[in-house]
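Below: one structure, written as structure tokens.
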Amino acid sequence: MLTVTLKLVTIVAERVLQERLLRELKELGARGYTLTEVSGEGSRGVRASEWEGHNVKIETIVSPEVADRIIEHIAEHYFQYYAVIVYAQPVEVVRGDKYV
Amino acid sequence: MLEILLTNLLSPIVLAFALGIIAQLIRSDLSFPEPLYQALSIYLLLAIGLKGGAELSHTPWAVVIWPALVTLALGMLTPITSYVVLRKIGRMDRINAAAIAAHYGSVSAVTFIAAQAFGQLQGNPAEGFMPALVAMLEVPAIVVALMIAFTRSNHHGSWREGLHEVLAGRSVVLLVGGLVIGYLSGMEGLKQVEPFFVNGFKGALTLFLLEMGLVAARRLRDLKKVGAFLVGFGIVMPILHGSLAVVLGHWAGLSVGGSAVLGAMVASASYIAAPAAVRISLPEANPTFYLTASLGITFPFNLTLGIPLYFALAQWIGG
Amino acid sequence: MLEILLTNLLSPIVLAFALGIIAQLIRSDLSFPEPLYQALSIYLLLAIGLKGGAELSHTPWAVVIWPALVTLALGMLTPITSYVVLRKIGRMDRINAAAIAAHYGSVSAVTFIAAQAFGQLQGNPAEGFMPALVAMLEVPAIVVALMIAFTRSNHHGSWREGLHEVLAGRSVVLLVGGLVIGYLSGMEGLKQVEPFFVNGFKGALTLFLLEMGLVAARRLRDLKKVGAFLVGFGIVMPILHGSLAVVLGHWAGLSVGGSAVLGAMVASASYIAAPAAVRISLPEANPTFYLTASLGITFPFNLTLGIPLYFALAQWIGG
Amino acid sequence: MLEILLTNLLSPIVLAFALGIIAQLIRSDLSFPEPLYQALSIYLLLAIGLKGGAELSHTPWAVVIWPALVTLALGMLTPITSYVVLRKIGRMDRINAAAIAAHYGSVSAVTFIAAQAFGQLQGNPAEGFMPALVAMLEVPAIVVALMIAFTRSNHHGSWREGLHEVLAGRSVVLLVGGLVIGYLSGMEGLKQVEPFFVNGFKGALTLFLLEMGLVAARRLRDLKKVGAFLVGFGIVMPILHGSLAVVLGHWAGLSVGGSAVLGAMVASASYIAAPAAVRISLPEANPTFYLTASLGITFPFNLTLGIPLYFALAQWIGG
Amino acid sequence: MLTVTLKLVTIVAERVLQERLLRELKELGARGYTLTEVSGEGSRGVRASEWEGHNVKIETIVSPEVADRIIEHIAEHYFQYYAVIVYAQPVEVVRGDKYV
Amino acid sequence: MLTVTLKLVTIVAERVLQERLLRELKELGARGYTLTEVSGEGSRGVRASEWEGHNVKIETIVSPEVADRIIEHIAEHYFQYYAVIVYAQPVEVVRGDKYV
């Protein structure tokens, strides 16, 4: 099976940001995403996640360039005031052209 | 007065709230799955809308107009008084003051429901169209408070997204939508759904308040973080706003029950519509402040002591 | 006729559906958690089964036999007429034509419920055993349509898995299971669960239709993709099938309300049992076609205009 | 006797349980979303607490005291008899014997509810304060069984966490909390929430038993793994414990219905409180044993045959 | 701690495929799986996931050979007509024999 | 964007262990976690996960040392009697100091 290596970018964010983040991911070049309802705790304490439901985890498989763009965008626009984390991992996929 | 208080404290809904708090304190694993919480919210908001709308459909406009205007005026006044008090006496920064002001100007639907239920029990039912006033009270204060914040400082959030969040937010859509459905289908339509939306209401509310107790108890841990001023603010401000509303409600022609419920509404602090809008528009504001104040202090205060107080006052003035 | 129409359009259930559509259009964050949607489906299907079964338990077989045979015949005829129209007039490929035919031959439980509720309101209640006919109408059409697809072309899906999906599918199990429970425990058994399953029914239905509105509105965006033919098909076919069913129902001895409800059932298109079975058996078929047609066009049409139409027709024939 | 049995087997709740088992056997995709299961549990436990507490508020202590003492005694005796039988006759290891003993000493709330409902139907209603006895029966057996395990062998789990799990566990908090709320707010308070918590009760129970059927059927697959002894134990032990409880209940002054319901309670095996506590405290115990026995054998036995049996016995002794 | 490196294969698929996929995974040699209810959007649009609930994410830790077999199987049988993606990553586990 | 490589440790465990595991993770040095409700099947069969809800998946981003400590702790205290698995992967994060 011919596989290519792309990036899986994962964002965990407070629920209230869901729609905005999905819109921005699309603008930054993501071709799809998978969303999970999660809860969690981090450096800001549990506080931010008690109303509006809890957190969302958004996973998107993208090219390395798009991954960089997404991480930079999140870091710049969300890290200061929102409960958000983002991380990236390499993944092997088939049909690589589907994601870029 | 003491008797009124006891009737309230021993009602199933207040006791359910207390049970929630206790369960959290003894670290019970009791918790409501999120979908149940959402289902109950949807049900309660739609139900009060439906009932209010059906009542509105056979109420002459002349009866509603003055209470409505008073409500609107209070919706614009109370965020300003809150802001001024927070800034001048509490020495809070602009953003946090505006954020808290948005909450105290807006309204808590559950406090409204509890007040209405208490009125019925007391033999002092409020006017049937009160839910329409809840809908009117929900939005303006948030808009006013965001305007204060946005004209007075640079900001990181989005004004337009915040406005959309509050206008198209779940609670407004369900409440206003319920009102319109109730209004259009009238008492005839309401009768069809009565066993579900009317008869089951108080039981569902009891269940909801159990969950509210669990949530509020989590907030109580933060009391120390918010400081003595905000604790005082969360008790005194409702009393002031609530008393003013009782007086104005009486003056606008509302019954004893109606004025008291209006008092409870105005005294209450939002914890559904306002937090969402504020989080989007004023992300720099610290949620610990506004959530702890509205959910950890003002809500329990109104539920236990405030509501009987507004009723006693309304009876004293109008009875 | 206009009055009938207005009674329907201003009923809480139709207005709740409209509210759902509007909420989606203004991009509200209102949404039902999936478990609530599932809970309401389980409740509604079990409830209509229970009531139908209890009614069936004291209905002589002679009364049921002809309506049942008519229903079965319609369940086998309507997928064929749908398929022929889609192929000959719509020039659709075989797989998609069969997929859509499965939906239009089967039945939408919610349309049935809405029609039944409308009949009660109108003073033209349908026979109590109608839910048994719903159960009979649900399966055959899907089987017939899959047979057409599988005999006429190569396929990628599994015929046996599709059949299991429809026969052991949630909706059939709940409906048939409810019928059997209702039948065995009789009116005596039904009385025990009446407050929950009978009295609360219309309110729960209102809530469910709010969610249906949200879902249908998402489908409306795809109207352009499916083309003018399918939009017309989604309106004209129900009228034809529904009218035929009203006539045959009358002929089989059903009351005015019964014939009209049978009309609504036969006119309706499935969006629970059929999509699951078709997705499994005919994966090449495009879901946009069959879901948009059944959920975005036919369901709203029947709910608003179709049901009053079938009642007017039934009254004209049988009244 | 046969008639009693038939009344029970054809009640909606038993039939719903059967439907759940059948749905699982034919591999239907019917399943309850977890939040619905939890919502129904919360509702049922709180509802029986509320009703029991309200009844207790107007019951003289003299009436309650003997049944309460008998219940406590049985709560401490039955885990010991179970343990001895499992060790001596079943030749089980200490840990698994203690784990199973904890389940059979404690109580299944749903079995209690079903017995109570059956009594009402039969015209032999149990005393209103029975839920208070359920709360009393739930905890002691688990404590006794864990003590046996912890004094007799080395262990890997935590005794303190297990105790906290059972005392602050959901089921105890809801049941005891409901009792206290009901007691404090009295019949007056109960009336406010009656349509929701009392009238809707039996319907919600029917829905819950459908889910219980699905869960129990999954357990049935393990019947072979647990062996013939445990199958016999799961039927004979309830009969012995139940009969003893009927006799003692009669002796303590309970009515025919009350003694029979006490019999069903004592005969039943826990599958909510006990499994959680045992899993935490005795992780070496094999869940297949205790869950299959309590959920796959004893629960279905009591629901179908046991309850009528305890009623027949109570009638024979006290009628 | 002695760890070995195995493959974590993740499948995101429309809900209707859940039972079939789990059965086939077992046949292909997977010894366990973890299932999450998710939602998502991809190249087929959101369409496929609105009825029958949304999507499921199935994660299974397997040997590299089984991973290849699973990916090949999914690509061959599901890519054309169903809304399904699959990707793989290396993971370190203890008790490696548990998974193979 | 400056990223650092840390470890993402994932634990899948029966629900009854949730509170204990979260407490112990904190004690072992984790600064945050994300929790997902999942279900699953493994070498112990589905059995353990039918009451008390199903399984939980706990993900935590930590330094390699803390990762080792967590894995060791889980292996030692839970593997024998509980339905628990644990695995680790490298991930790239920004704001690396947030997690250690």
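For clarity, chains are labelled A, B, C, D, E and F in written order, and residue numbers in each chain start from 1.
Keep this in mind: a residue touches a chain if its C-beta (ideal position, glycine included) is under 8 Å from a C-beta of that chain, and two chains touch if they have at least 3 such contacts.
As the structure is a prediction and not an experimental result, all values here were calculated from the model.
Novice: Tell me, which chains sit next to both chain C and chain D?
Specialist: The common neighbours are B.
Novice: Figure out the least number of contact steps between chain D and chain F, where 1 means they touch directly.
Specialist: So the least number of steps between the two chains is 1.
Novice: Using mean Cα positions as chain centres, tell me which chain lies farthest from chain D.
Specialist: With centres defined by C-alpha atoms, farthest from chain D sits A.
Novice: Compare the two sides of the chain B and chain C interface and say whether they are made mostly of the same residue numbers, over half shared, or of different ones.
Specialist: At the contact between chain B and chain C, which are copies of one sequence, the residues are largely different (under half shared).
Novice: What's the chain with its C-alpha centre farthest out from chain B?
Specialist: E
Novice: How many angstrom lie between the CA centroids of chain C and chain E, rounded to a whole number?
Specialist: That gives a centre separation of 35 Å.
Novice: Between chain E and chain F, what is the separation of their C-alpha centroids in Å?
Specialist: Taking the mean C-alpha position of each chain, the two centres sit 20 Å apart.
Novice: Taking the mean of the CA coordinates per chain, how far is chain A from chain C in Å?
Specialist: Their C-alpha centroids are separated by 40 Å.
Novice: What whole-Å value do you get for the distance between chain B and chain E if each is reduced to the mean of its CA atoms?
Specialist: A distance of 46 Å separates the two centres.
Novice: Where does chain D touch two or more other chains at once, residue-wise?
Specialist: 29, 33-35, 38-39, 195, 199-200
Novice: Could you say which residues in chain E touch two or more other chains, in rising order?
Specialist: Residues 36-37, 89 of chain E each touch two or more of the other chains.
Novice: Kindly provide every pair of chains that touch.
Specialist: Pairs flagged as touching, ordered by label: A-B, A-E, A-F, B-C, B-D, C-D, C-E, D-F, E-F.
Novice: Touching chain D in the complex: which residues of chain C?
Specialist: 33-35, 38-39, 42-43, 46, 50, 164-165, 168-170, 173-174, 177, 180-181, 184-186, 189-190, 192-197, 199-200
Novice: Mind pulling up the chain F residues that touch chain E in the complex?
Specialist: Listed in rising order, the residues of chain F that touch chain E are 12, 36-43, 55, 57, 68, 71-72, 75, 79, 85-89.
Novice: Any idea which chain B residues touch chain A in the complex?
Specialist: For this pair, the touching residues of chain B are 34, 38, 156, 161, 215, 218, 222, 271-272, 275-276, 279-280, 283-284, 287-288, 291.
Novice: Name, in rising order, each residue of chain A that touches chain B in their complex.
Specialist: 14, 16, 20, 37, 46-48, 50-54, 80-82
Novice: Under the touch definition given earlier, write down the residues of chain F that touch chain A in their complex.
Specialist: 1, 3, 8, 31-36, 61, 89-95, 98
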